[in-house]
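Read from first to last, the chains carry the letters A, B, C and D; within each, the first residue is number 1.
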Amino acid sequence: MRDLVEIGMGRSARRAYELDDVEIIPSRRTRSSKDVSTAWQIDAYRFDIPLITHPSDAVVSPRTAVAVGELGGLGVINAEGLWARHSDVEDAMFRLTRAAEEDDPLAVTRLLQELHAAPIQADLIAEAIKSVRDSGVTVAVRVSPQRAAELTPDLLAAGVEILVLQGTIVSAEHVARDGEPINLKQFIADLDVPVIAGGVGDYRTAMHLMRTGAAGVIVGYGHSSGVTTTDTVLGIGVPMATAIADAAAARRDYLDETGGRYVHVIADGGVHSSGDIAKSIACGADAVMLGEPLSAATEAPGQGLYWTSAAAHPSVPRSRVTVGAEAEVDLRTLLFGPSADPDGAVNLFGALKRAMAKTGYSDLKEFQKVGLTVRG
Amino acid sequence: MRDLVEIGMGRSARRAYELDDVEIIPSRRTRSSKDVSTAWQIDAYRFDIPLITHPSDAVVSPRTAVAVGELGGLGVINAEGLWARHSDVEDAMFRLTRAAEEDDPLAVTRLLQELHAAPIQADLIAEAIKSVRDSGVTVAVRVSPQRAAELTPDLLAAGVEILVLQGTIVSAEHVARDGEPINLKQFIADLDVPVIAGGVGDYRTAMHLMRTGAAGVIVGYGHSSGVTTTDTVLGIGVPMATAIADAAAARRDYLDETGGRYVHVIADGGVHSSGDIAKSIACGADAVMLGEPLSAATEAPGQGLYWTSAAAHPSVPRSRVTVGAEAEVDLRTLLFGPSADPDGAVNLFGALKRAMAKTGYSDLKEFQKVGLTVRG
Amino acid sequence: MRDLVEIGMGRSARRAYELDDVEIIPSRRTRSSKDVSTAWQIDAYRFDIPLITHPSDAVVSPRTAVAVGELGGLGVINAEGLWARHSDVEDAMFRLTRAAEEDDPLAVTRLLQELHAAPIQADLIAEAIKSVRDSGVTVAVRVSPQRAAELTPDLLAAGVEILVLQGTIVSAEHVARDGEPINLKQFIADLDVPVIAGGVGDYRTAMHLMRTGAAGVIVGYGHSSGVTTTDTVLGIGVPMATAIADAAAARRDYLDETGGRYVHVIADGGVHSSGDIAKSIACGADAVMLGEPLSAATEAPGQGLYWTSAAAHPSVPRSRVTVGAEAEVDLRTLLFGPSADPDGAVNLFGALKRAMAKTGYSDLKEFQKVGLTVRG
Amino acid sequence: MRDLVEIGMGRSARRAYELDDVEIIPSRRTRSSKDVSTAWQIDAYRFDIPLITHPSDAVVSPRTAVAVGELGGLGVINAEGLWARHSDVEDAMFRLTRAAEEDDPLAVTRLLQELHAAPIQADLIAEAIKSVRDSGVTVAVRVSPQRAAELTPDLLAAGVEILVLQGTIVSAEHVARDGEPINLKQFIADLDVPVIAGGVGDYRTAMHLMRTGAAGVIVGYGHSSGVTTTDTVLGIGVPMATAIADAAAARRDYLDETGGRYVHVIADGGVHSSGDIAKSIACGADAVMLGEPLSAATEAPGQGLYWTSAAAHPSVPRSRVTVGAEAEVDLRTLLFGPSADPDGAVNLFGALKRAMAKTGYSDLKEFQKVGLTVRG
């Protein structure tokens, strides 16, 4: 049984935990960082670090997708974002930066809404995909469930290798009186490429998505404190430590149910520092989807700006556009150090290795079993 | 059994939760916003949105009562407030604004106390009621238990359709050695119009109020963090998530006891954003009473000022007068969007619909069963 | 069994609660404030309000002791404080004010230490006692356990009616290898006046003090957040809600053990507003000892300054000297209103009456049973 | 069984407590400070106060090591720090101070990294050891597990009496594929001097270290809030109240297992005031390792600067360099008072004595049993 409390007579709620609520505890073994591997594999694709980029235009351009791939991670381009709608994204970013600096949050959101009102142009996104493909790294793009059926054929034709089907909350059972929602199971079965789908927030939705044939399930919706406001706007929240552990339980049960199909759990939210990456894996994730922490790289197209896709929603925006400090580190240093920053913003995956070494684990799968505490 | 803790030897207290402590969790279904209804009905009156205004003069004038009604909610005028005591409320508001800007909180409270020392004039409130009635929307006014017997005949004569009998805490059993307190059961039985009564803070008081024949029971006393200070002044608090759930339990038990009489539970407190509206319904409310969030509308008579009626108490004030930002949205946009504000202050009921859609529910009654978490 | 948690293997700690952690819940009854009594009696002395002053020189001069007595409470003069050591206390206060304004906390503490290094003069304190006695109100003074034997004879001769024997922590069993600690039981038995003793922090110490024959037991040590630093300096804390409830349990058990001797529990700490007074009684106190809240009265000798006696300790000071806002209310208004302050700083005992009325209780003894919540 | 919570399905975490979460409760006895002893002994070495210095160059120079020793504690010089690498440490400190004042945290960390990139010079550290030895106080130095085998012979030759083998996390089982990690058991058995080893964070690691033959085990890694960022960088944390209690349980079990070998538990982290020292002992520690609190002494080589050794890590720094206020107290006053500071920064061990006296305990070993509360 879950840990339930009665919030009022006959009404219970489950106790849930954020990454901030947990800490990793050292165990009786230590190990050298050199003997630690952070590699993982999804379908036929192998990666040196458990990093997938959140498909935010602020951090992923075709060029940074290549850079991330070359550094051992997976860059994901948003097929419904600025690169799919504007030929001059640099100008759009410039206008956003200028608006953001004027300290009128509504104006920034309005500009973002306006920029996303432009139509998606198939040739623009095809061109972006081609440039990534030409570099030789794995090509991944993100589509929403609403537009997946419409956009996917062109994306595949352009050379996409991994499809990320992602909305704030994606369920295997979308109910609609009118319209013809996507049948995920059929959709995935018909594709030749692996699909990573989400986000989800609980065991059942994770399990249902696994049963559609997804190769990976995303937990969370890329929320970032100070940026994302889903709780304030919708009352909905996905405490990540609990949600990751639940999805990991679904992974185990689905593995058993299928006699061996392992669906990867990708944590997308609540990560602000290298310590949070370690905690995500420790709670059961196979990889993390990073957005905001990458916005500090000199290569980030947003030049310090950050937002999640919910920021551009035409009527119910649920993310702020934030302005970071001027970036001083390149992506390689951001991921692998060395760092002179004591706050875990730099050397993100070097620190993960060190956390694993200091607690005596040599690979990600084992590290999912490390001891945890929650503050009393 | 409730969730009790022993705070000291032989002295227990109940664990109770605010709306801020809970979050809604997504379920395995999603739905389109277009297929969601937020309609509800009390007695013969049907409303598109579960909105009743808190009878604060800062947000409800006769004109805004009409606007709220036309937009699908229920506006409630305070029959003991400024519109009942002053012919030139605009001037009173102007003086309050000026006082509030001078950053002397005691002076503002004193002015409010002074403005409420003026006598209630039957013709003023009758005129206000008439202007609402003429517009064709449902007419509701609020009286206190202390003055209900005296004021109600005139209010009914003026055309009131729903009577809101409201004090900070209203009980069915007011004990007094001298004086002749109102007998609620008799009072309600003698009326031809439905009565909404409250606030209450627990199961028993809610149950007793239901047994007096009230059509709706108000939970809470319109408290708003940063505005209301009942806890600091009296030590009394009504944690809303718990109080709403308790009143919903009383509603169920009373429904069973009477073989089918459904008394509506109206949550009045703790709502600062659209997310809090969703949480109120999720905890068991049928509708919310909104005060402070409406003060941001361009039509609000207080022009950004806000206070609850306890602010004007002649000897024990329990609410501050707060000054909001200059309003930039009209009431329609405030309720239905579109919004460029990521903090849930705009598109209050569009966001409610979206929260329901994202968790797979199609009407308010079902949404009361959505999953909840509390922070570990 | 108490509510224990295991903080580490084989080491448990008790969950304990501050007044801030609890809230009073309304019950199914309400009552008129006019029908509420806040009177109580200790030994032969009857008081209209459950107020004893904390013996801080910042709030109690001989003159304010008289004023408090005339308003229905009990003023307690510190027989080891400034009035006992200096003939010109006004000048001492002036120097403290000047030092406090210079924003050098160490300098203020040093001055306070220096002022308390002056010897106690029997004639000064006798004169102070006489001036209170002449006014006709009950005369109470405070001595420390260390100096009680030495000072008490002169104090009794000067006309003291209630003796307050108070240290940060007072136990019935003071162990010492050298020196001759006071035998409390003998000391109290030999006196003709009732003794109020404390502070205590737990059931056992409270019970032992009751068995010495004390008429009242003080719970806590006058701590005030922002002023007192005992936790930081000594690691020792007395969470008041728990400590009061424990002492009330000792009161019940001692009443049973003696077949009817009722020892009063006086809460001394954690009170910052009228709501905290209500909570103290609700947790089981018979009266509250107030310090800091009284420093806002125009009659307070410290003119806004506040400190507790631990501030003047020559080597381990455990209280800051704080500077409040300029006082604008006289003592009568501070205690009984009317108030234009929404933060519970004014009308302290009018608000207590109102809290009792709103929850349906008519006297202090009954109000000790009111329902409580703790935040989940 | 430990106090476990289920953070998600099939994934549990242990509730753990920081020193800030606990408070000491007064008991029924009090005692005079004069009758309290804070003495303790490790191997043949006896100390008047349970103080070992954290080997931070910011607080321990050869000269302060002597001063600490003469005042009854044990100073520990870092054999891998600035005194081992630079002949002119004063100049290094001057450069650090200047960098710290320029408000560019990265620059300070970079300078610290650069200063630690200089080679260790055997003659420099030998000279430092000699100067301490000449003074007649006990000589202790710290080495890391990585360099212990290489550096120890010279250190012993120079006259070290107690060896502190310390890393952020030290385990008895360091696993490595290449390299030849130190065999702690063999290493300690071969030495003629007692070894204090750590830090550890849990029962098992503490137990394993005890079994290597260590005379003392260090709990924690000298973390200091505002300074240390291990949780942010690595996700790893050692809540001290829990960790100390666990290590104390290991001490008891090892004592039983060996039929009488008592290994001392030394708490190294979470201490910011004298109250935290008392809490550390109360949770089960035999002594505390102090770093930051000593940086306020006029004799501290860092002149107010503070950092822990993790600040100088070449690629994953995990500590800030902080700048304190200008020191006004000498070391003797810092340790023994008198104090005019109400915040527990001065008279650190006088306050410990007072805490023991006020709760009725006469020595450290008994005080480990004092009652504790945790905030509800």
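Operating definition for what follows: contacts are C-beta pairs under 8 Å (C-beta built on N, C-alpha and C of every residue); 3 or more make two chains touch, one makes a residue touch a chain.
A quick map from chain label to UniProt name: A, B, C, D = GuaB3 family IMP dehydrogenase-related protein.
The shown structure was predicted, so the numbers you read here are calculated from the model rather than taken from an experiment.
**Q** What is the set of chains touching both chain C and chain D?
**A** Common contact partners of chain C and chain D, which must touch each of the two, are A, B.
**Q** Which is it for copies chain A and chain D: same residues on both faces, with over half shared, or different residues?
**A** Mostly different residues form this interface, as fewer than half of the numbers used are common to both chains.
**Q** For chain C, which other chain has the most distant CA centre?
**A** Ranked by distance of C-alpha centres from chain C, the top chain is A.
**Q** Superposing the C-alpha atoms of chain A on chain B takes a rotation of how many degrees, nearest 5?
**A** Going from chain A to chain B via C-alpha fit gives 90 degrees.
**Q** Across the interfaces B-C and A-C, which one involves more C-beta pairs in contact?
**A** Greater number of contacting C-beta pairs: B-C.
**Q** Just curious, how far off is chain C from chain B if you go by their C-alpha centres, in Å?
**A** 40
**Q** Please tell me the distance, in whole Å, between the geometric centres of chain A and chain C computed from their C-alpha atoms.
**A** Roughly 56 Å, centre to centre.
**Q** Indicate the residues of chain A shared as contacts by at least two other chains.
**A** In chain A, 3, 5, 7, 15, 17, 21, 242, 374, 376 touch at least two other chains.
**Q** For a test of understanding, state which residues of chain A touch chain D in their complex under the given definition.
**A** Residues 2-3, 15, 17, 21-32, 34-35, 203, 241-246, 248-249, 252, 273-279, 282-284, 328, 337-344, 347, 350-351, 354-355, 358-360, 371-376.
**Q** Mind listing the chain A positions that touch chain B in their complex?
**A** The contact residues of chain A facing chain B are 3, 5-18, 21, 105-107, 109-110, 113, 168-179, 181, 200-202, 204-205, 208, 229-239, 242, 311, 314-320, 374.
**Q** Taking the touch rule as given, give the residues of chain C at its contact with chain A in the complex, in rising order.
**A** 5, 7, 376
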